[in-house]
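Both complexes shown next keep subunit A, but they swap its partner, so subunit B is in the first and subunit C is in the second.
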Partner chain A sequence: MQNKLVTILHRITVALFLIIALFPIYWMLNTSLKTQGEVYSKIPTFLPKNPTLNNFKYLIFETPFMNALKNSFLVALVVTVLSIIIAYPTAYSISRLKFKGRNTFAKVILFCYLLPSSVLYIPLYIFVSRVGLSDNIMGLMLIYPTFTLPYVAWILIPHISSIPYDIEEAALVDGCSKFKIMYQIIFPLTIPGVISTAIFAFAMCWGEYLYALVNITDTQAKTFPLIIAGLIYGDLYPWGQIMAGSIIGCIPILIIYIASSRFLTGGATAGGVKG
Partner chain B sequence: MARIRKFRQNNMERQLPGSKKSFPYMLNIPMFLYLACVLFMPMIWGISLSFTDKAIGGEASFIGLGNYIKLINDKEYLLSLWKTLQFASISLLFKLLLGVLMAVVLNVEFKGRNIARALLLIPWTLPNVVAVLNWKWLFASTGGIINHILKLVGIIDKDIVWFGTAGLALATIIVANVWRGTPFFGISILAKLQTISKDYYEAADIDGAKVWQKFFYITLPSIMDTIFLTTLMSSIWTINEFETVWLLTGGGPNGQTQVMNVYSYKTAMASMQIGRGIAVSVLAMPVFLLIISLITKKSLADEKM
Partner chain C sequence: MKKRLVSILLMVALLVSLSACGGGKDNAGQTGENTGGSNTSQGESKTQGKQLTVWLEKVFSDDANAELQKRVQQFADESGIDVKFELLAATDFVPKLNAAIEAGTNVPDVTLTSGAITRVLNYYPNIPNLDVTGLVDEIHANRPYFESIREGSKIEGVNYFVPFYSSSTLMFIRKDKLEEKGITKYPTTWEEVFEVAEAVSDPKNGFYGLGIGCGPTDEDCENTFRMIMWNNGAYVFNEDGTAAINSEKAKELIKKYAEMYGKEIIPPSASTWDPGGNNSTYLMGESAIVFNAPTLYNALKGDEAYKEILENTVALAPPAGTDNSVVMEFISGFAIMNTCKDVESAESFIKYMLDAEWYDEYFKITAPVFAPIFQDVENDEFWAEGINQQVVNYAKNASGYYGYPVKSIEGRVTAAKHYFTYPVAELLNSVVTGTKTVDEAVEKMEADIKQISSEIK
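This part shows the complex of A and B:
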């Protein structure tokens, strides 16, 4: 009797969680396919009466949205690749080599990873304008590694540590050089970890708002979060377009998330999204 | 065995002499050079600017603690601290409770569990701006679905202006933040739950323990560490929240949702008082440093670094 009750309660809880998590997303999709008239109709419709792709068309052809997507993509891609290249040797040295200051290095990395952007955004705004990169996506490429680098290094450390030492020893016996061990033997074994950290680093840059807001005012250099947030003006917000933009902005994230879900292992990489 | 030990000894010795000693440091040069130039240098310079009257486009002259004295006498600033505390504590509490609940229900075997887990993670994978704009639309006073549903079930009879009413505006921000942040708690705690041995529960079953007894005597004690760490990390991000508030309410009505970061943004970027804007962050630093040092202690101890 008690067990049955618990099972029913359990199913209801799961269902409630699913409804709360997914309803806003369904509503986003629903709204994006409606006309402005239907969006603001007295009684909201749960399915669009005359489904239309006009919101998407308008966004793609009449606004700088596509250019913004391209900017976001470029920034996220460049920053992610650079972060992996630069952070991997650091992570390797901290998890594998014994040297003085190793502990301190690890602490500095964790400190930088946890340091909130609110502390940095004004100094970095001045820094970027001094080096002449405001209103330029290069400015964002310069700034974003301040959070992706420590994140990638910090998450890669346990991944590298989990690789058995014996492999390295065998390679040493064979006379492998240290660089070769690091890149040709350990790196391939770290690939699953690298992929999942890369995904989260990409997602962090892709949706970043505060730094972009402060440093970019030129429409040509705007990233997509700025463009869709910028659609909020006037009296009647164009919710259809805003939701269409939101959906397009989610797609790359969802695709890489689903495609690589087998690499995303539990809580290990969870800190990639700050919420 | 002896050969392996001998080999390990040789290996250690090999690392020591000559140029090899610098190898670990060489590996660290690119990253720490970058962090020194783009993170620490600007940060230190920024802190020094907080002792000046630097404005956008203007020259900086030293004014000592002027910015700090103005801040602690500024009612708007003090209100923003209070609002940050309110927002962060309520938000964290809900994220934690719902996160534990989510982890516990996902830890039970049932048909479709993997799909449910993947679906429940979606809110947390979305870009924050997208999530926030979505909630802005759900709570909209004209055409918003939440007003409509509340009218349908008869809780209200007139549209509520969510973003224009003090308490409700704060509630919308909390809802948006909790909706996106809960899966982080859920997935972290779930990962820990899956390491608890089933033997404990079986032994408890034999002793005739009730569901809630198993939860309070077996589950909760084993996930305490994870709860502590997750809450600390999330507290940094929650205190640091900007875009949820900025895009939903802009800090209104009447500063009733103006959290610290929105105040700092308005001071530095809209009023162009860079120095005072940085002073806001500097005053918050001790809190962040305390949380960071707690996390460092905890996670470095866990990994035996």
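This part shows the complex of A and C:
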């Protein structure tokens, strides 16, 4: 009887937290389906009185939103892949190799990650302009690694460290080279970590605003956060359209998360070595 | 394995190179719809290679933006100048322009921005705009500007932008709510506004008399309360540029606001508002009197849901105070950046945008949000009555600016830089939320002004 009560309490608690977590998403969807008049009504409505898809229609057919989504996707994908390619060996080296200044190097990575974008945006804009990539999504592909690389490397370090060293030793005994160990033995075991880090890196690039704002002027090269921000003309915010854009913007991240969730199972190395 | 890895890396490099080749945006013609003049025939003067980059601040309606875009395109087609132009949201404009100026690359040749004078002052002493006094004089000789606009757009006698239009702050009143209380005369002074607001307030039923916010970033509060202060003889700055906020009159007005907030004549949520707060409160039917740009009127007109509120709304000029009726000017204009290589083309472009025939038609589209700023529009029937007349009158009479009545250039610069922190809104917020007493809040503002002033010197 007591167990049953505990289970019910657990479920109620989980349901409560779920409601709290999902409420903003629900409210976004709810707002995106309302008219401007209903959005500004005195008593907020939990369901749209006259649901309308006009906000989505406006966004999709009367703004370059879809092109901007494509730009965002391309930038986020390329930057994420590049970040993983570069950050993995970095993280592996810091985690596994013993060299002078290893700890300092690790701290520098964290320091780079903590640098606020408001400090970096003008120097990076100058850099991108000098290499002739301003007003071009290639410029963003050059800038975004400044925050994704340290992040990916910093998160991968503990993932790699958590893999028992005995596995590497066994591979070395079997004649495996360091390079092969890094990519053929350890990399497959860090896949859950790599995937989860990649998702976050992708999301960081996907929703990035400040660098894109400063670097991109051409409508055809804009990423989707710029199009959403551009919906605001003055002090009357078109919340329906803004929320419609945000809802559409959530979808790719959601799909990526769902598609990759089966790779996120941990414990691949459990039982890999004898106690 | 090594070969496979090397192949993958090479593939990635190839893909990146390919997309780089396809993604360039610097060449004219690759910017699609935003490159004016790309449709001109090869035989036209476009081949002379003249180029102009223009950044225009988006205005409040899609129709008006489309018309602006069409006009730029028309200029490009007729002149043969390759015009690369972008419509940018107001919030995006400053960071983009600052980054471009700082980097010294991709600076547009011509810009059109709101709050032009404050923005120019904010760059002082390194003003990145060209002196366009000659051009303004020429335009004025052909079609005289309102004196308020001509004088109000100068900094030490120099024009750094060509005035294009004016925005305004009007008083929106729910006449039905006033009538319910037997009030048939609309308030004409701030004192009357406060009295009427108190009379119509019904906080128990969620209705409030006065929708002036005090969120720390509420720009509308910043502007409205400055006008309340000026009109009643209280100022943030003295004429010599020193702080004037620590005065009995200023403190009295701050106390009055706090008192109204405490009595719930002002909505309790006002301390969390951003500049959209006063719009929302009026659209929700929650407040009887608000002060806002006529965008609010457009919002009321644009949605069937607000039909009742619109029918019961009257838009009037802001009230006067015991001392004067000075209102804040909001002039927008075209600037030519000092990096512009073809000033002649830039000037032709600006003149083209101010051509009377197109200009007059364009501002009928944007009415009543923006008002034309030439003396002869007063003869136009379109601007002769209702809210349209109000906005033209506003443009004609506006003489206030951030720092008013400060005279010195250092004082004006201090005031412009000070304004960007929304100090008055922050002051009111700290008082109504109990974070600071009136004396403490006023002293803090005084210290902030001294700090900014010392940085300029």
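Some points to look at:
Here is the rule we go by: the second predicted complex is superposed on the first by the 214 of 275 C-alpha atoms of A that agree within 3 Å, B and C clash if a C-alpha of one lies under 4 Å from a C-alpha of the other, contacts with A are read in each partner's own complex, and residues count from 1 in each chain.
Definition applied: a contact is a pair of C-beta atoms (placed from the backbone, for glycine too) under 8 Å apart; a residue touches a chain by one contact, two chains touch by 3 or more.
This one's a predicted model, so the numbers in the text were calculated from it and none came from an experiment.
By the touch criterion defined above, A:V214 lies against subunit B and subunit C together after alignment on the C-alpha atoms of chain A. When the two structures are aligned on the shared chain, A:S134 is found in touch with subunit C, with no touch to subunit B. Using the contact criterion defined above for the overlaid structures, shared-chain residue A:Y40 touches subunit B and also reaches subunit C. Touch criterion met: A:K178 reaches subunit B, while subunit C stays clear of it.
In the superposition on chain A, contact is made by A:Y233 with subunit C only, not with subunit B.
In the superposed pair of complexes, A:S162 makes contact with neither subunit B nor subunit C. Residue by residue along subunit A, subunit B and subunit C are tallied for touches, and B comes out ahead.
Residue contacts after overlaying the shared chain place A:V78 against subunit C, while subunit B stays out of touching range. Contacts of A:F111 after superposition on the shared chain: subunit B is touched, whereas subunit C is not.
In the superposition on chain A, subunit A positions 40-41, 122, 126, 210, 214, 229, 232, 236-237 are in contact with subunit B in one complex as well as with subunit C in the other. Subunit A contributes residues 35-38, 40-42, 62, 74, 78, 81-82, 85, 121-122, 125-126, 129-130, 132-138, 141, 179-180, 183-184, 210, 213-215, 217-221, 226, 229-237 to its touches with subunit C in the complex.
Remark: subunit C residues 1-2, 5, 9, 12, 15-16, 19-20, 23-26, 31-34, 55, 58-62, 86, 88-92, 95-96, 98-100, 102-106, 206, 219-220, 274-276, 279-280, 283-286, 292-293, 295-296, 299, 302-306 touch subunit A in the complex.
Those residues of subunit A lying in contact with subunit B across their complex are 2, 6, 10-11, 13-14, 17-18, 20-22, 24-25, 27-28, 31, 39-41, 43-44, 86-87, 89-90, 92-93, 97-99, 102-103, 105-108, 110-112, 114-120, 122-124, 126-127, 142-143, 145-146, 149-150, 153, 157-158, 161, 169, 172-173, 178, 182, 203, 206-207, 209-210, 214, 225, 228-229, 232, 236-237, 239, 242-243, 246, 249-250, 253-254, 257, 261, 266-268, 270-271, 273-275.
Residue ranges on subunit B touching subunit A, taken from their complex, read 7-8, 11-12, 15, 20-21, 23-25, 27-28, 30-32, 34-35, 38-39, 41-43, 45-47, 49, 101-102, 105-106, 108, 110, 116, 118-120, 122-131, 133-138, 140, 142-143, 145, 148, 177, 179-181, 183-184, 187-192, 194, 210-211, 226, 233-234, 236-237, 239-240, 242-243, 247, 260-261, 264-265, 268-269, 274, 277-278, 281, 284-285, 288, 291-292, 295-296, 299-300, 303, 305.
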